[in-house]
Amino acid sequence: MIRYIGKRLLWMIPVMLGIAILIFSIMYICPGDPASSLLGPSASAVELAAKREEMGLNDPYIVRLGRYLYQTFIKFDLGTSYKFGTSVFAGLMERMQYTLVIALLCMALQVFVGTPLGIAAATHHNGIADRICMFLALLGVSIPAFWLALMLVLIFAVNLGWLPTSGVSNGLASFILPCIANSFAGIASQARHTRSSMLEVIRSDYIVTAKAKGLSEKTVLFRHALPNALIPIITIVGNGMGMMLGGTVIIENVFAIPGVGRYMTDAINSRDYPVVMGGVLILGLIFSLIMLLVDIVYAFVDPRIKAQYEGRKGKK
Amino acid sequence: MKKFLSLVLALVMALSMASFASAEQGKSVVVGLAGDPGNIGPFQGMGLGRIGILFTTYEMLMVKDGDTFRGCLMKELTKVDDLTYDVELYDYIVDQAGNKLTASDIKFCFETAKADGNLPKLSSVDSVEVLSDYVARFHFTALAAGDLESLLMECPIVTQAAYEASADKMATDPITTSPYQVVDYKTGSTITYKRNENYWQKDELTVTTSRHNVDEITFKIIPDPVQMVNALKAKEIDISAAIDGSYISDFMGVEGFDVTQIPDNTTKYLIFNFDSIPNAAERQAIAYAVDVDDIIAFAFDGIGYHAKTVGNNKYPDFVESWNDEEYYEYDDDKAQALFAEAGVTAGKTYRLIYNVADDNTRIATTIQAALGDYGINVTLIPYDNALFGTYKYDDKKSGEWDIMLDEGGSSNLLTNVWKLTLDSRDQTYGKTVGHVADEKLQSLIEAAINDNSPENMDAFHQYLKEQCYEYGLVSKVNNLAHTTVVTRAATCFRGQILPGACEY
Amino acid sequence: MSVTAVGKDHVGVRSKRQGQFGQVMHRLRKNKVAMIGLSIMIVLIVIAILSPWITPYNYAKTSKADRYALPSWQHLFGCDGMGRDILSRIMYGARASLFLGLMSTIVATVVGVLLGSLVGYYGGKVDNIVMRILDIIQAIPGMLLSIAISAALGSGIGNTILALSIGGIPMTVRLLRGSILTVRKQEYIEAAEKINCSKWRVITSHILPNSIAPVIVSVTMGIGNTILQAASLSYIGLGVQPPTPEWGAMLSEGKSMITKYPHLCIFPGLAIMLVVLCLNMLGDGLRDAMDPKLKN
Amino acid sequence: MANKDVLLSVKDLTVEYTSEGEVIHAVNHVSFELEKGKTIGLVGETGAGKTSIARAILRILPEPPARVPGGEIEFEGKDLLKVSEADMQKIRGKEISMIFQDPMTALNPIMRVGEQIAEVVKLHEHCSRQESIEKAKKMLEMVGIPGERFYEYPHQFSGGMKQRVVIAMALACSPTLLLADEPTTALDVTIQAQVLDMINDLKRKLNTSMIMITHDLGIVAEVCDTVAVIYAGEIMEYGTREQIFHDPRYPYTIGLFGSLPDLNSDVERLSPIEGLPPNPADLPRGCAFHPRCPYAGEECRKEHIELKDIGGGHLCRCCRLNEIAAGKAKEV
C-alpha cells in the first residue's frame, strides 16, 4: 500500500508538469489581452501594443514557456497577479479560506443529509419516503443554483431580515445561505446515488445471508449494506470536494464571496495569466491529492481493490 | 442535532447583533460596488472596478470639480512655454502617515507611474524637474487640447516615503493624502475607510472629490445585479450606482429610498467596417433604419439620450448647435431610398460584433429587428470582454465583422472619445478601427485634437456625419439609488459615487 | 451423477433469442415510469422539430408594447424584455437546447464509458496513464478549455458539442472505473475470460451491465447543467447566437429580472427541469432494465 | 400425518411475486412435515419454487415483490409466519439457518470471512468478541479451513472454500433445522462429495434436521430420508426416498429419472423431459405439467388435481396413474 501511495505521489510530478504545460499552451492560444484589462477601456491600440511588449507577451512561445517553467518549478514562484499586484499564492490562499469553509460545510450537508435520505429511499423502495426523496432529488438537480440562492435571499434576508444578503463580514451567518443554496444539488445527487447504490446492494445475496443470520434490520443495513453501497459514493464525494475547492462561481457571485471560483473566473476573464496559471496548478495539485485520497479510501473500504493496488498475487 | 442547531442559531444571532452594534457608532456609509477594484495601489491602470474607489483613496494634482478644473494638491499652474509648465503645491500637505508631500514626491510618482506603464497617457510627460520644495516643472513631449488637464488628473499622488514603506506597492494598504484612509481591505469583498482627522486641506479650499462628510466609508463588492438590489432593499448598503434600470421603480418614490439619475459619460456607437461597407449611402441607410427610440425603450427601460455625434453632449468641446441638427433620426423612406441607391437588396447579411452585456445584447437585437424590416439579415457575434477587446483592434479579425457596436467615453473632452476609434495614429495598422484610411478625416481629427475650437470640432463632426463612418446611438443614464440616510448623492465626473461628498 | 440441463427458465431462453439488447428493451418497455419519461421526451423532440411551423408567434418578433408582459391568453408564458413571446421562444429553443444537451451528454457518456471500461478492465499502466491524463484535463477550468477549443478549432456545432462534453468525461470515467474495480475480480468475469470470451464481449456483456448504474444516474442528472452551460459558450464564439433562443441563455437573460419579472426565469427553468425529470425517469428504468440481478 | 416428533410442519404454504403488474405464483399450497434429525429433499427444476419455500420458512423473501398470502409454518410449536420480527431474528441463524446456493455472492465482499462467522456466534450466543472469534476459527477448521485464514477476505478464497465458509456460518450456532439450498451446485464433483460428507457428518453430530434443496437426484439418494418433487410451485409427488427412487409414479418424476444417465443400461442417449417449464405468471389450467406430459389426457387439462395418497404415505398428484402404469409396463 505504501508503495502504491509513493508511486502515486511520484506520478504527481509529471502530472503537475503536464498541467503547467497544458495551461500555458491554452493561455497562449486563447485570444484575449491582459493589457487591455489592465489599462482600461480608454487605452488605444498603440498604447496596448506597447504594454504587451513591456509585459513580454510578444516573445515566442518557447521562450515564454521556458521562462514560466523555470520560474514555477525551479524558483517555486507563481508570480504576481496583474490585477491585484499581490502574490498569486497569497491571493489564492486568502480566497481559499472562504472556499474551504463553504466546501467543508457543503460536503458535510451533502453527506449527512443526502446519505440518510438515500438510505431512507432505498429501504422504502417505491414507498412514500422513496417518492418524496426522489422528487426532492430531481428538484435539487434541476433547480438552477442561482435561482435557489436568490429565492433564499429574498425570503431570509430581504423579507425576514434574519441573515445578510451577501458578503462575508457577518461571520458564520454569512455562510448559511450560500451553503444551503450550494449544497442542495449535492444533497440531491448524494441521495440519488446512495439510493441507487443501496438498491443494488440490498438485492445482493450477502444481504440475504446477513438477514438469515438473524441480524436485525439495522445491523444488516449499517454493517453490511451501507459500507458496500458507499464504495461508488466515495468517487462522488471526492470529485465533489475537488470541484468545490475549485470554487463555486455562481454561488460566490451571487453572495459576493471572494472565493477561489471568482478569483479564477475574474482572472480568466481579464486574462490575468499568472493567476490563471498559478491557480490552475495549485488547484490541480489539490485535486490530484484528493483523487489519491479517494483511491486510498477505496483500498481501505474494499479489500478487493486494495489487492489490485498491491499487485496481482491476490488469490490463493 | 437539536442542540447543535440551537447553538448555531445563537451564534448567528450574536454575530449579527455584534455587527449592528458596531455600525451604530459614528456616521458611516456603505457603498455597493459592482466591479472588483483588485489592486488599489496608485499606479495601476484604470480597470473598471478601480474608478469607483479612486477619488476616495487618492488625490491628484488637479481634479474636475463640476464643469471646471481645480487644483487639488496643486495650488498654482504656470505656463513656461507650450511644452513646459510649473506646478506649485500647497506647502502644508501631509499624508496619513504624517509625511510631508513635496515636489520630489511629484517627480517620483510621475516617473514611477510612467515606468510601470499602466497609465499610458503619461508617455507624453518627458520629465519632471524639481525646482524647489513645492514647485515641480513638467516637460511634455506633445500636448493636444485638453491633454494638460488630463495628464495632471491622471496620476494619483503619494509620498515616496509612504510608497517605499509599503510591502506590496500599496496594493492593499495605501497611505495617501486623501481625507480617508484604508483601514481594512478584504480582497474581493470590502474596503473600509476611516476619516483622517488630520486631513491637511482647509475646508474652504477642499475640492468636491476630497470632501469628507462621513466618518467611515465601506465599499462592498456585490457582483450580482439582483443582489445589489436586495442589499439596498435590506439596507445593507446605503447607496449604489449599479442598480439595474428595471428595478429603479422599487426605489423611486418609495419610503426610505431615493434615486438620483445622472447621465453616463459613455456613448454607444456603431462602427462600420469600411472594407465590407465602402459605400457611404449604405452606411447612412443603416443609420436611418435604426430607431434609437426603440433602443432606448428596449435596452434602457425608456431612459436614455439620443447621441448627436460619436460621443455625448456633456463635454465642453461639444458644439451646442449639434443638438438642433438632424442626426440620422429614424426615417424609413430615406433608409429605403439609400439602400436602393447602394444596391442593397433583401437577403443581404451583416455581421454585428459586440461586447456581451445585457444592454448591448438588446441594442444588437433591436438593430437586428430593425434591419430585418428591410429584409436584411444581421448575424450577431457577441464576445466576452477579453475577446472583444482583442478582436476590436485586431487587423486580422477585420474580415469577420461588418458592423461593430462599441462604446466610448472620456474624462474630459469629446476629442478623446473620437480619438479612441477614429484616429489612425492610435491604431497599429494605420487605419481607423473601422478600417477607414481617409486623409481628409485624419487631417480633420488631428486639427480638432490639436485645437478643439468649435470650427475644428464642427468640421470634423460634419465630415464624419456625412461619411457616416461611425454612427452615435445613445447615452445611458446611471441610476444612483440610495437610502434616505444619504440626503444628496454626489458623483465625480466619471459618474462614480463620491461617498465623502454626499450629504447625510 | 448430476442431472444434465433439465430445462431453461423462460427468461434465459428469451435472452438467447433476442439478445441482450432486446431483452433490456423488453424490460424497459414494461416500466411505466420510464415509458412516461420517454413519451414526454419524444413529445419535446417533436415540438422541437416542428417548432418553425407551430410556434404561436415568431420567436424573434420584438414588441415595445409587450415588454415584460405577464402570462395571459395572448402570451401564455408572457413576454421577455424585448417583448418576445416566451412560449414561442421555449418551443423554438428546444431545438438548440435539446440537441446540444442530448448530443453532448451522449458524446461524454460514450467516450467516458469507453475510456472507463478500458481503464477499469486493464488496470495497471493503462489505468495510471489515462487517469493521470484526466487529472491534467480536469485541472483546466472548463471555460478555458472551451475558449481554447473555440480559438484553435473555430466555431461550429461540432466544436460546441466537444466543448460541452469534454467536461463530463472525467467524471464518467472515474465513476465507471470505481465500480468496475469492484466487479473486476469477480468469478464470473474470470470465468468469462477463461472460456475465451472476447475482451469486447467480456466488457460489454459482463462488466458494464454490472457497473453502469452510477454512470446512468450521474449522466441523467447532469443534462440540466449541460443545457445551462451552453448559454455561456455563445460569448466565446461557440454555441447559439442571439436572437435564436436557447433555454440556458433565456434563463441567464432573465436572471437579472428574477425578482421583478420572475416569469422570464420560471418557464425556461421549468423546461429544463422537465427534461431532467424525464431523462431521470428513463435513466432509472434503463438502470433497472440493465440490472442483471433483476432478471429472475 | 400426526407425529409427535415433528420439528417442522408446513401447511398450505403459498408464495406470490408481483412483477411488472403480473402475479407470479411461485409456491402453491405446499405442505410437508419434517421429523427431528431427518432430512427432506425438495427436488425440481430451477425456478420451480424450491428456494422460495426455504426462504419463506426463514422469512427472508424479498418483500415486496414477494408475498406470503396464506399457509402455516409450524416450527417447534410456533407459527413462524405469525411470530414477531424480533422473535424471528432470534430464530434465524440460531434455530434455523441456511446454506446458500451461490457461494460466490453469499459472502460480504468487504468483510473478513471470519468476522462474518463470528458475527452470528456473537449475536446468538451472547459471548465476548474474543470467544466468538475463537469459535469462528474452530468452525473454519471444522470445515477444513485453517483458522488463521480468519482474517482474509472472500476474494482470497476459491469457490469451494467460500461454500465451506457459508456452511460453517450456517452451522456455527448448531441449528436444529438446516436449510441447504443447492449447497454443492457451484462446486466441482470431488469437493461436492467432501461437502456432502461434511454436512452429513455434522448433521449426525448435532442431530440437525435438514431441508435439502437440489435438482441433483444423486444427492437426494445420498442424504435424504423423504423426498418432495416440486413442479411449478406444487408438490407433485411425496414419499420416502425408497418410494420415490424405486417406485416413481408421477410422470415428471419418472421423467427426472429418465434424464439420468443410467450406467446399468446401454441406452445411447438420455431422454430429457420435452418442453419447457411453464411460465409461473400464467400456469396452465389443470395439472401444471400436462403440456409436457406424454400421458396427459382430457381430464388433466380440465381441473386442478389433488394430491392423493397412493399407499404408505406416498403422495402423488396425478389422475392417470393407471394409464401410466400400463404405459410403463408396455415400455418394459
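When the chains are written out, they are named A, B, C and D in that same order, and each has its own residue count from 1.
The rule is simple: a residue touches a chain if its C-beta (ideal position, glycine included) is under 8 Å from a C-beta of that chain, and two chains touch if they have at least 3 such contacts.
Keep in mind the model is a prediction, meaning the values are calculated, not measured.
Chains that touch both subunit C and subunit D are the following: A.
Number of steps on the shortest path from subunit A to subunit D, with steps defined by chain touch: 1. Overall, the chain located most centrally, as judged by its C-alpha mean against the mean of all protein C-alpha atoms, is A.
Of all the chains, the one whose CA centre sits at the greatest distance from that of subunit D is B. Sorting all chain pairs by how many C-beta pairs they have in contact places A-B at the top.
Per-chain Cα centroids separate subunit B from subunit D by 87 Å.
Remark: subunit A and subunit B have CA centroids separated by 37 Å (rounded to whole angstrom).
Centroids built from CA atoms put subunit C at 21 Å from subunit A. Between the CA-based centres of subunit B and subunit C the separation comes to 44 Å, rounded to the whole angstrom. Touching of two or more other chains is recorded for residues 147, 182, 185, 255, 258-259 of subunit C. Contacts with at least two other chains are made by residues 31-32, 146, 150, 154, 203-204, 231, 302, 304, 307, 314 of subunit A.
Multi-chain contact residues of subunit B, defined as those touching 2 or more other chains: 226, 230, 384, 387.
Contact residues of subunit C toward subunit A in the complex are 123, 128, 131-133, 135-141, 143-145, 147-148, 151-152, 171, 174-175, 178-179, 181-182, 184-185, 213-214, 217-218, 221, 224, 228, 251, 255, 258-259, 265, 269, 272-273, 276-277, 280, 287, 291, 293-294.
Of all residues in subunit B, only 225-226, 229-230, 244, 246-247, 250, 294, 297-298, 356, 358, 361-362, 364-366, 368-369, 372, 379-384, 387 touch subunit C in the complex they form. Residues of subunit A touching subunit C in their complex: 11, 14-15, 18-19, 22-23, 26-27, 29-32, 138-139, 141-144, 146-147, 150, 154, 188-189, 192-193, 196-197, 200, 203-204, 231-232, 234-236, 239, 242, 246, 264-265, 268, 276, 280-281, 283-284, 287-288, 291, 298, 302, 304-305, 307-308, 314. Listed in rising order, the residues of subunit A touching subunit D in the complex are 126, 203-206, 208-217, 223-224, 227-228, 231, 301-304, 307, 314-316.
For subunit A in complex with subunit B, the touching residues are 31-33, 36-51, 54, 81, 83-86, 91, 94-95, 146, 150, 153-154, 157-158, 161-173, 176, 253-258, 262-263, 266, 269-271.
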